[in-house]
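Scrolling down, you'll hit the structures one after another.
The two complexes that follow have chain A in common; it is paired with chain B in the first and with chain C in the second.
Up next is the complex of A and B:
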């Protein structure tokens, strides 16, 4: 099906390709081929201190030299910048792009097909993370890191309430009641109506599959039964005043983490640093467990907003070298060790035995009462469903979902209606953009 | 129904009350950010927003802001000063000269050109940022300070203001008198008219300075290297790192407070040059 958008996309690709050709010809005429110096490529990222990993790559070999360009985070304008540079024919060679945003880049024709350079290395990565850079059998990005869901919880509060750690959502409901009974201001958790990636993660963990591709078109199933079950469960918790309806990362929420008014937080594995930074006085009282299951004995997990990949941008003059750098950056054990230590997130590689900071990390483990919390994260990462796809127009999805959930909360209507509304919003938005929806 | 300003006590209370409320409305965020800039990361959430916490640590916070990432914050501040200072100065010179030309010389196409300038006032800077990127990219100056400075050198609003002001404050008689005394046009503009237009020049400078200082999209699109970032872009960069490390929240807040205070101090310093109506009396007697 040839939609308006894909035609435009193709025109853009042809345009970019011809600019690329012109540049290549210009390159020949100035005669810089055959010079001895290394190939120069640029890398755009906003991960703090990632220059250490870039330096390590530059020192590891003499053929490629990478220059880091620190830009503002993708959603804060970084992606707009990358896309306009692609359109102007002057892109960085490698760019930091979220798993949730790769489809937008693909639709805009902004990604280079790097299948032939990296496909041999698929085995190095966790399957779901690798798949996030694969579309229609072609590889467009090398995964870097993600945030597999785990549950942070105050073990002292669970002890006080006399409940065991909940392994199923039924047990979670009972634990919520027990914890609610220990103090008039205390709740098991905050229902973060403002946080779409969190709600998406909960739905994914409940077995929902919101998006899939079939040929050229997308299938959208936001209001499927699995999702409705998940939201109905949270509706029950809200109606019975067992969870606190509160925006996460707000001042009140931060205060509640500090004073124990909320006892758990389901979040990405990287949230360990947020807890340690926000509530240093609660050191030693926290533990980490797997997300409760809908069916006892199962092992379903999900992620908080996907993760981050290194993509080669369309129009790169050195796609082969760019792909080589992307691969090294995210799979070489030394490089991944650096990424992990600077807080880039849970690594995308499947074998973490060589990543020193994930074996023993006293400053982190002490905060969690000596628990090796990375074992929980590793198990969660391995359990993520690798058929889950993120859609184009992710930012539309997140704003639609939070808007609808917020107005449901404000007006007292049901969360399942909000989910149904999000389904129709998303289908409308995709159709309007000329993206074919089945 | 419009009330007359000379109305009674009740009206004065209403007007002053409205002014006080709007002053509070605009000042409270600044008060908040300055106060929050003195708090420790944990006090930030646990203490009352509009008053100091029991354990203020302004010095420590400032130290962290200026030492984080090798002192990059000072570089951002200096970049902002460079872009806003040089850009506003250039824009002022161009706007005053241009507005004076529009006001005092009759030439073919004058009103058409002036309408085009007025049209420029209506186009938001946000809209032209991307087209500018596509224009400057083939010249190879994207990513350099020039890519931010060059577009900042034009101020359509400044031209408009300068023309109005030149009409009102540079009397034709003064120009004619200078011509009779043998002064050339450049000399008249440089030594007489510019001085008479000084209040307009200061106004254009202040407006343009603040506009460049606060501009976000243009440097966002143009710049690739954080060493060239202005403070707006730099604080956004830090802000996007709060999710990985909440301690950055304190850096962003203290950094914002510093950048606001610097801007306010600069404004107060420049305002000293703001003298009303230098030419009053020039044509009297």
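Up next is the complex of A and C:
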């Protein structure tokens, strides 16, 4: 066995270092006067218009100057770019990283421990969102925004079917039957076999806890009883032809939203903008409610694929200032207001009273018949279980789950078998990577 | 020729060939070599995985993993099945189209050539998106009309999805292959046809006895192109995948390699898969060429 890492790494370092030198030299000419001027840090993100929030930070103080570097969205190549810059020793100081991807960054040794700089501010954030950046008791990222699950529904169709809004999954099943009876093409919802984060969210909302750490090992419990119950329920809906098996975000699904063949959609709070954009002609007919409960009277919630955080990359020359910026960006009310208005997602801070657009938002609320839908989102966000952990190899998990669910539907085998298969796929993949699984 | 001119011409040869050789080495040989090297390594973490991983030499372990993975073997089998559907379909269609356009009785020949070739100008991903619309009942006018008269077809179900993909490939490339064959047809001396007519041969006899035998080298070329093209099946299933439960993320070996690299974060295994597909393509293409070029007892 031999390591080849160091040789390739060195070649890369030489290449990137010379580029970095050129950039540094260029930087000198723009008035960087050493200790007297502000500390220069860079921030990599792909959130459209986030420059507004960066500008606001730069104007708010004189000690730190942030340069925004707009990059390709993480899964489309942005993460690869960040990770190779870390390996080359020339990373941006602060980077946009999804909650689901933070573990992979830790696996790559790419995150700076910022516990000492930010841990005092934990109280500002919703517990589960804060915890998404905490591993082994150390803080590695400041949460920015997420998508707590809510249910969008066509109140006019529920009225037509003569059913009340379902607060439990048992009621949901009855509502599915009633809505199915109102039209041969009409279903309560689409079973989005393509959408792993959606299925993971449903399992999480059902009380499942897929991943946890115990000492130096991961515990993987994808096929636990809570998850099996959730998938058995959807199996029943599919078997009785009460949901439409259809990919979400597909052209077929868009058409079904527009013509009312699909009456509900459980999704992240950010889905409101998608709904308004996809089916503008249905304005005023939609409402938003909490996700139905497995036990009546409970208040269990979950998220659609986590959210997005600001992490300080390993090798940053100014981790303290970088962490300071990350904290301000995601917790200062003015900054969070900007983030919310540019569509970054549901804010990670717990007190949203100062975020004006979440108090009153006529264009959004009108689409939902005047309902203040953000109250529902805020309640959902507060109810997300904060012990849920995203694992390393998240993308392996999503592609395995999607493949197994597809193949179960295609071959007529059960969804619970697909879940069991996903458990063994994920354990295999982690073990193969050398990650210890208990 | 004096020795100086010979040296000069050698210099000229090097000058003219060098750009090709440099590009060939940089963009063809080097990536293949890199893929082979990568396929012999693996990245390993330890414990919770939170720490820099290590890249270790694992010999042929990635090849063993690929060749013992049931889903990868299934994807290879699926690819062979797809080739069995696509290659004969493509060759027969392209030859048929070329002969029709070339026939003395063809009308609107020029217009038809352009129409048949036009799909080739549509990028593969766009073609797959367009056909994706036509394959899904709620967005397809064709399926809606058929459904209206009681014929319910779902082209993207697992029984028919290979044909649905074969249809897209056929639509895209049949016109292109037709052009290759037409070029070859037009180079056949017309005197041969006149002589055959004087001897009393009809159109059918001219087609079967003169045109098709003389097309043989081009038909072989088109077949080899199609074999290589089908082995690289990627864009169509990638685009159609979200629309159907019948296409998994490792539907074809190329898709499996893509998935390993970009979803599973295992480019080393992907490299091994890519090398396997390349070897199969090599074996198929050269096997076919050997088969049709046997000295005695030619296939036809």
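The working rule: the second predicted complex is superposed on the first by the 404 of 438 C-alpha atoms of A that agree within 3 Å, B and C clash if a C-alpha of one lies under 4 Å from a C-alpha of the other, contacts with A are read in each partner's own complex, and residues count from 1 in each chain.
Keep this in mind: a contact is a pair of C-beta atoms (placed from the backbone, for glycine too) under 8 Å apart; a residue touches a chain by one contact, two chains touch by 3 or more.
Everything quoted here is computed from the prediction, not taken from an experiment.
Student: Based on the shared chain A superposition, would you classify chain B and chain C as clashing or fitting together?
Tutor: Aligned on chain A, chain C clashes with chain B.
Student: Of the two partner chains, chain B (first) and chain C (second), which one does A:363 touch, if any: first, second, both, or neither?
Tutor: neither
Student: Just chain B (first), just chain C (second), both, or neither: which does A:184 touch?
Tutor: neither
Student: Which partner chains sit in contact with A:69 here, chain B, chain C, both or neither? Use first/second/both/neither.
Tutor: After superposing on A, A:69 lies in contact with chain B but is clear of chain C.
Student: Quick one: classify A:403 as touching chain B (first), chain C (second), both or neither.
Tutor: second
Student: Scan A:277 for contacts with chain B and chain C and give back first, second, both or neither.
Tutor: A:277 contacts chain B only, not chain C.
Student: Look at A:255 in the shared chain and tell me whether it touches chain B only, chain C only, both, or neither; answer first, second, both or neither.
Tutor: In the superposition, A:255 touches chain B and chain C alike.
Student: Which of the two partners, first being chain B and second being chain C, lies in contact with A:48: first, second, both, or neither?
Tutor: In the superposition, A:48 contacts chain B only.
Student: Specify the partner with more touching residues on chain A, choosing between chain B and chain C.
Tutor: C
Student: Report for A:353: first if it touches chain B alone, second if chain C alone, otherwise both or neither.
Tutor: A:353 contacts neither chain B nor chain C.
Student: If I apply the document's touch criterion, which positions on chain A are contacted by chain B in one structure and by chain C in the other?
Tutor: In chain A, positions 251-252, 255 sit in both the chain B and chain C interfaces.
Student: If we count contacts the way the header does, which residues on chain A are in touch with chain B in the complex?
Tutor: Chain A reaches chain B through residues 42, 44, 46-48, 69-73, 75-77, 80-81, 84, 87-90, 92, 251-252, 254-255, 258-259, 270, 273-274, 277-281, 343.
Student: Which stretch or stretches of chain A touch chain C in the complex?
Tutor: Interface residues on chain A, with respect to chain C: 1-5, 103-104, 106-109, 135-136, 193-194, 213, 216-218, 245, 247, 249-252, 255-256, 261, 392-393, 395-396, 398-399, 402-403, 406-407, 409-411, 429-430, 432-436.
Student: Enumerate the contact residues on chain C facing chain A in the complex.
Tutor: 41, 43-57, 65, 132-133, 136-139, 158, 241-250, 259, 262-265
Student: Name, in rising order, each residue of chain B that touches chain A in their complex.
Tutor: Where chain B meets chain A, its residues are 41-42, 44-46, 49, 69, 130, 133-134, 137, 142, 216-217, 220-221, 224-226, 233, 236-237, 239-241, 243-247.
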